[in-house]
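The same subunit A turns up in both complexes below, where it pairs with subunit B and then with subunit C.
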Partner chain A sequence: MDTAFAERRRRDLIVACVLAAIAATVPLFVKDVYVQNIMVLTLMWGALSQSWNILSGYCGQISLGHALYFGLGAYTTALLFTKFGVLPWFGMLGGGVISALIAMALGYPCFRLRGHYFVIATIVIAEIGLLLFHNWDWAGAAMGIEIPARGDSWLKFQFPRSKLPYFYFALALACVAWFVTWWLEDSKWGYWWRAVKDNPEAAESLGVDVFNSKMGAAAVSAFLVAIGGSFYAQFVYFIDPESVMGFQFSLLMALPAVLGGIGTLWGPMLGAVILIPLTELTRSYVGGSGRGVDLIVYGGLIIAISLARPQGLIGLFSFKGLAGLFAPKRKEAVR
Partner chain B sequence: MTAETIIQSLASGLLMGLLYGLIAVGLALIFGLMDVVNFAHGEFLMIAMYATFFLFVFFAIDPLLSAPLVAAALFVFGAVVYLLIVRFAVRAKANAGMVQIFSTFGLAIVMRGLAQYFFTPDYRSVTHSWLGGKTVSIAGIYLPVPQLVGALVAIAAFGALYLFINRTDFGRALEATREDAGAVALVGIDKNKVFALGWGIGAALVGLAGAVMAIFFYIYPDVGASFALIAYVTVALGGFGSVFGAFAGGIIVGLVEATTAMLLPPSLKAVGIYAVYLLVVFVRPRGLFGSM
Partner chain C sequence: MTPLLETRGVWQRFGGLIANSDVSISVGRGEIVGLIGPNGAGKSTLFNLIAGVLPPTQGSIIFDGEDVTALPAAERCQRGIGRTFQVVKSFETMTVIDNVIVGALVRTTVMRDARRKAHEVLEFCGLAPRANVLASDLVPSEKRRLEVARALATEPKLLLLDEVLTGLTPVEAKTGVELVRKVRDTGVTVLMVEHVMEIVMPLVDRAIVLDLGKVLVEGKPADVVRDPKVITAYLGDRHAVGA
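This part shows the complex of A and B:
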């Protein structure tokens, strides 16, 4: 075992615990509901992006259709609760399991596709899901589902009067998504995924089960994203197809990871911490009614990051990264 | 459902399909040239539609006349996008595939945001243009004139593109670069110029499509999104990079859409297109006309 790697992993875990502990105390000082709302969203998008990163970053299968799993999580919870009175906690678990199973069922044919064919298949499948929910009368069709408020209760996961419980749940979710990634990074799966990402043919010839590693990544990723979707439904009390399964959710899940660093442990969370507050603040201060300024800001950020730092911002957070930023540029070797 | 209505909707599906082909062909050209999918392709269409709209509103230029102007403007825009963004994106050393996808995606988001900011999210339309709302009857089938003209424009554009690629020096350079960019550099052709030209032509073609679409379709900041997805499906069906695959793919998509609209509720008509895409790539992972 590479000791430097083991050392780094131990340090990562300690840093994560410290950061989580600090984050947990923040609401004690920040009482402003608007700011708390942004914190909840930041943690949620961080967790979602972290989950997206498992399939798309580590395993290299870029999905722009994860809104499907987000929506399935939200709908499973909301439908089970409003139609059958099933507690959201079971709905959450159910949504996760359903999403993981569907991810594997879809992965079966899709994982044979390469490159752009795969990316477009993911977009198209999520669009089909969106259109089906639009036309599914029992599930509220285009009108959506309102989750009836039943007062503050952990049992029913409803807190109309306070953002704090949502904050702590989102924090827990972010920690779980981070920990799962951390744990998988050093497992058999983690090594397989990186091999599959770098060169599937070579991986296959060395005995890596390429197909099943993709299936595993898809299942874990979809399960966690569905939990996030389920949480979101409880958080906003109202869902309709566009608001939980629209393409923008697939994109929003990818962007923090792209910004922070795709296929890295810390990238998605770092990206979310920068991106979400920035867009929320532009939305409320610069844009008035929105009017697209938030889009301009994060679209511009994405172009800038992908051109200037394709490996994401995370590299800057090491001593070497910072030093490199200020060091004089080396000329490229002359061929 | 009578035979007449079936022929009627297949005929309009065919016209729409030719337009889909025209929308998609620029995407296919660029992909074939340099293996890059332009995820802002729908937004290229969107600004072309807005350009047509504003030329009509402010200068009373009918979309039919402004189409060449819009195509020329888009040519410049496409070349600039290549020189300012894509040229650097393809040089990325880390995460090459992702950089390509997300740099053009970022551009799409910025363009949509700018359109919302400057043009507001309101739906616009070109009213009282020469062709708008007119229909013509051919052998008992009623066809909307704008779509009919659009289909003719598409066929003409494909013809011109064919001649351009096969009969001009620029076209030959384009074709040669697409086959082997390294060898082309050896004989003294500037790869960047060829790529910029390819982006210009690709954008001009979608500009042409946008000008025609503006006659009969609402214009709003997100209009590109739905057409872009159809364009990706069209291009993928034809086999990425195959210009004439895009032409055939467009026709297939148009006919599938018309058929789905007859069988399912209208709001589900896109499902047919998407399902056909999935079926095709599951059976032939490189599209119908792509090399295996």
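This part shows the complex of A and C:
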């Protein structure tokens, strides 16, 4: 029964495995550290955007405050390691759990808000988090925390001499985020989330626990984003409030998904593969003082996409999508 | 045997407006009951109270022998109250079958079972050929049927139909009527709000007429349409004189 559906899901899984295998071999040919760095960032942002997509894409609760969870993951790992000598692996898990719990605590009041009001609340809460860390002396305040480098070690998850271990971890993270999405897509949660996004009132009438589905999505999403934050702290060795909790991180999580296709399985990764190398290259060509030029590129891309392809680039990956691009423009119906 | 659904002295006030006052109705198992009345009679409000969209200001709602007055809509669905919406509320970005699967997931968490159930229901409602179409691509009459299919997938004991036959062409309305009969024949009790008298009257076993938030008359459809009070409510005093 419904073999077309099962087949599509199997095909998705196979394609993902093949792509992951190909990605895993790339560093064997690409030895350039600068390019490797871009690849790590691309995979990391892909994974983050994929996680963001669970709450904001599938469940439709647009969050522009996910930098909070990113920062919490980074800070939990860094603080536990520098203050108590707890290995980053446990810090990572701890950061994930803390973020998931905080996401639910914040969701409790915020999920009663709808639309723009919810978005504004997420922005404000993340800014409050940023200010708190700015003034929290024990956590380094505005000075930030430096993670002491003590040589390559998987145990301490730090590799000052090579990008490769980071690359493979980022790849694993992207795979996990993708697989979690793939798995949840065909589960009660996945269906509930999409129903909640499309029409909460109808969902309720069909027995969907609207509030708890939002809470579930928020917890999964925050957990995965925090793992990404932990990874980032280990990757850059130094964190301060602006560099892990700034508003731009919330945007950077949303943009790949929006570009590639919000609420789709492949959209976030596709968006990240296009967006991240592009901005990294722009940044390096324009030079160190060109801070902000990458954001102009982002902005331009988003405007172009929302005009030409509001459903994201992923729609091009079908015959209908390609044909649609060249077909005469149809006036969009009024919402 | 106890009735499947009972409202006991239900009131609903919106500020100064009284939408339902002291409404007590009952719906027996296996019946098709029509809830009719002129615009603003309080039909939709009563529907929302039964479905659990809002709690009544006063009074209680008894379903299947249990007081469900305090339960939210989702839980009433689990207890066996299914509903459609007057203004269709499809999940527009999902396919037809996915829409129905959402309903089926109330009874099972196994996706394979939910999908099988959804297929059965679509077959039953005549929507099977459209299973993989996006809900937003359906024509209005199909969307109405999708509403019914989604609600049926929750395996309701009581199905609340809110104007599913309104605004359809005569042919579509006829298929709609047949569908409602078929639903009843599977053992589901039906309570339907409807405007179009000539369609509902032959279909229902019993009609309840609401007017100005109160139960005006209830009884066999043939008697109800001849009742002077009903004619007055719909057409005004002058027309009731001859009755």
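We adopt the following convention: the second predicted complex is superposed on the first by the 318 of 335 C-alpha atoms of A that agree within 3 Å, B and C clash if a C-alpha of one lies under 4 Å from a C-alpha of the other, contacts with A are read in each partner's own complex, and residues count from 1 in each chain.
The rule is short, and it goes like this: a contact is a pair of C-beta atoms (placed from the backbone, for glycine too) under 8 Å apart; a residue touches a chain by one contact, two chains touch by 3 or more.
Being a predicted model, the structure only gives us computed values, none of them experimental.
Novice: On the A-aligned overlay, A:Ser187 touches which partner chain: subunit B = first, subunit C = second, or both, or neither?
Specialist: The second partner, subunit C, only.
Novice: Give one of first, second, both or neither to describe whether A:Asn135 is in contact with subunit B, with subunit C, with both, or with none.
Specialist: first
Novice: With both complexes overlaid on chain A, does A:Leu206 touch subunit B (first), subunit C (second), both or neither?
Specialist: The answer is second: A:Leu206 touches subunit C but not subunit B.
Novice: Which partner does A:Ser306 reach: the first (subunit B), the second (subunit C), both, or neither?
Specialist: Touch partner of A:Ser306: subunit B, not subunit C.
Novice: Looking at A:Ala4, would you say it contacts subunit B, subunit C, both, or neither? Reply first, second, both or neither.
Specialist: It touches subunit C, and subunit B stays clear.
Novice: Just checking: does A:Asp198 make contact with subunit B only, subunit C only, both, or neither of them? Give me first, second, both or neither.
Specialist: second
Novice: Thinking of the overlay built on chain A, is A:Val258 touched by subunit B (first), by subunit C (second), by both, or by neither?
Specialist: Only subunit B; A:Val258 stays clear of subunit C.
Novice: Going by the contact rule stated at the top, is it subunit B or subunit C that touches a larger number of residues on subunit A?
Specialist: After superposing on chain A, more of subunit A is contacted by B.
Novice: Quick check on my understanding: which residues of subunit A belong to both its subunit B contact set and its subunit C contact set?
Specialist: After superposing on chain A, subunit A residues 263 contact both subunit B and subunit C.
Novice: Going by the contact rule set out above, which residues of subunit C touch subunit A in the complex?
Specialist: Residue positions touching the partner: 51, 53, 72-75, 77-78, 82-83, 85, 89-94, 97-98, 101-103, 105-106, 109, 111-112, 114-116, 119, 132, 150-151, 153-154.
Novice: Would you pull the subunit A residues touching subunit B in the complex into a rising list?
Specialist: Those residues of subunit A that touch subunit B are 62, 109, 112-117, 119-121, 123-125, 127-128, 131-132, 134-135, 247, 251, 254, 258, 262-263, 290-304, 306-307, 310-311.
Novice: Across the complex, what residues on subunit B touch subunit A?
Specialist: 31, 37, 85, 88-89, 92-99, 101-103, 105-117, 120-121, 221, 225, 229, 232-233, 236, 240, 265, 267-268, 270-271, 274-275, 277-278, 281-282, 285-287
Novice: What part of subunit A is in contact with subunit C in the complex they form?
Specialist: 1-2, 4-5, 186-188, 191-192, 194-195, 197-199, 201-210, 263
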